[in-house]
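Residue numbering begins at 1 within each chain, and the chains themselves are lettered A, B, C and D in the order written.
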């Protein structure tokens, strides 16, 4: 990922720490990909009927992480209110998705890997929220 | 839009009123398209340098509305915590974008139309938030 | 939808017919929403295991239609090569999704409504492709 | 990124080489982030009026790469026609965006880093296209 390299090239001031921002974007992008892949892997399992809620939560979390990564990749015309609210929604989606995936982590390796990505992403969002204030 | 028709065909229970949900999804989808178009119209204006913040807020609002419309279009494995948090983020994005567009509504018709879409969308999100509880 | 109203406010030349563009964007936005809803409705059916391919194709078609609607909502710095290639991909996704949904249209009303949205969207993309040249 | 780890956990057959797929998804996800950041960095430059086409192409490329990464992260109910057409559209968007960014790479480091991400992504898409056939 070139997130940190791109962050360094931004030609004006950024209101938040560039390293913290870049780490959070990387966690979001990884989590979004893991959730998209986990939804599809769940869909292929024999017990798909028992994974409906997991698939749905994965799809929500993937969409929310992608959008949050985009918001955090923009610095021009910064609006702390949007950043804060979207980070809160994203932390919630990651918590819900981690909980749901953990219910199946013993049986499905994809749920285990995905739950770990969700946990890291939730932590990154929470840390950044503290910095946003 | 077939939002309401699709909502009626969902084969299980939906925790929220189907008409209210469909109206909100329609407002979100309209707002997302208006914001994408407004960002691009601003980019083409002679005074683009003075519209930087408007363009950025439009881009955020478009992404957030698209994601929120998707979350509200899913009913399987409903999680009120995700729905509520994403609706709050979306209402905030719409408020910020309406405010920003209104600064230029006298000069730019696209900002005027977009601000109206943002206002309707923010109202729909707020009404649905009350129903989510 | 304010697509046509927004299209009229664009302050510079547009290389394609504004009415045709607006109709295509509307068809794309409707199709994307229908596919997101159909994927979720399929996920809730008792026979979800037999709807795996339909769900997957719906998810692809939703993502591709959303992206294509955004490309067509931008006119600044028009690049016919991107527009053409993305329209071709979208027409293909709509054809595949219509075919897949039609396999279940007798049993599932959501697949019937979705197949019709896909067909209209494929036709709009094909008509616009002819104009792009 | 956990792309390769997630790819390994998919519980059924995948029609394409898992390593090649994972590398391509990683290139797409990186390119999408770089393009989102480059659009925003361009928007902040003093000479924003001369970067309009670059911003627009960045926005298209970001959307198209995100969608293509999602299509390639799904393996259930594989449809070579959708994969091929979306990869072709993505390779085109990356070529156009690389060309556009390269026009400003001497003046703007973000355009230089972004052009390199676009080039790698275009190569990955082209390599995968050969495998899709």
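Operating definition for what follows: contacts are C-beta pairs under 8 Å (C-beta built on N, C-alpha and C of every residue); 3 or more make two chains touch, one makes a residue touch a chain.
What you are looking at is a predicted structure, and each value in this text was computed from that prediction instead of being measured.
K.L.:
Any chains in contact with both chain B and chain D?
P.N.:
A, C
K.L.:
Taking the mean of the C-alpha atoms as each chain's centre, how many Å separate chain A from chain C?
P.N.:
That pair's centroid distance is 27 Å.
K.L.:
Quick one: report the Å distance separating chain C from chain D, using the average Cα coordinate of each chain.
P.N.:
Each chain reduced to its C-alpha mean, chain C and chain D end up 21 Å apart.
K.L.:
Hey, what residues on chain B touch two or more of the other chains?
P.N.:
Chain B, residues with two or more chain partners: 40, 43-44, 52, 55-56, 59, 66, 70, 74, 76.
K.L.:
Graph shape for the chains shown, where an edge means the two chains touch. Line, ring, star, complete, or other?
P.N.:
Per interface graph, the chains form a complete graph.
K.L.:
Along chain C, where are the residues that touch chain A in the complex?
P.N.:
Going by the criterion above, the answer is residues 39-40, 43-44, 48-49, 52, 55-56, 59.
K.L.:
Under the definition above, what is the set of chain B residues touching chain A in their complex?
P.N.:
Going by the criterion above, the answer is residues 52-57, 59-60, 63-64, 66-67, 70-71, 74, 76-77, 79, 81-82, 85-86, 88-89, 92-93, 95-96, 100.
K.L.:
For the complex, give me every residue of chain B touching chain C.
P.N.:
Answer in residue numbers: 1-3, 5-7, 9-12, 25, 29-30, 33-34, 36-38, 40-41, 43-45, 62, 66, 69-70, 73-76, 108-110, 113-114, 116-117.
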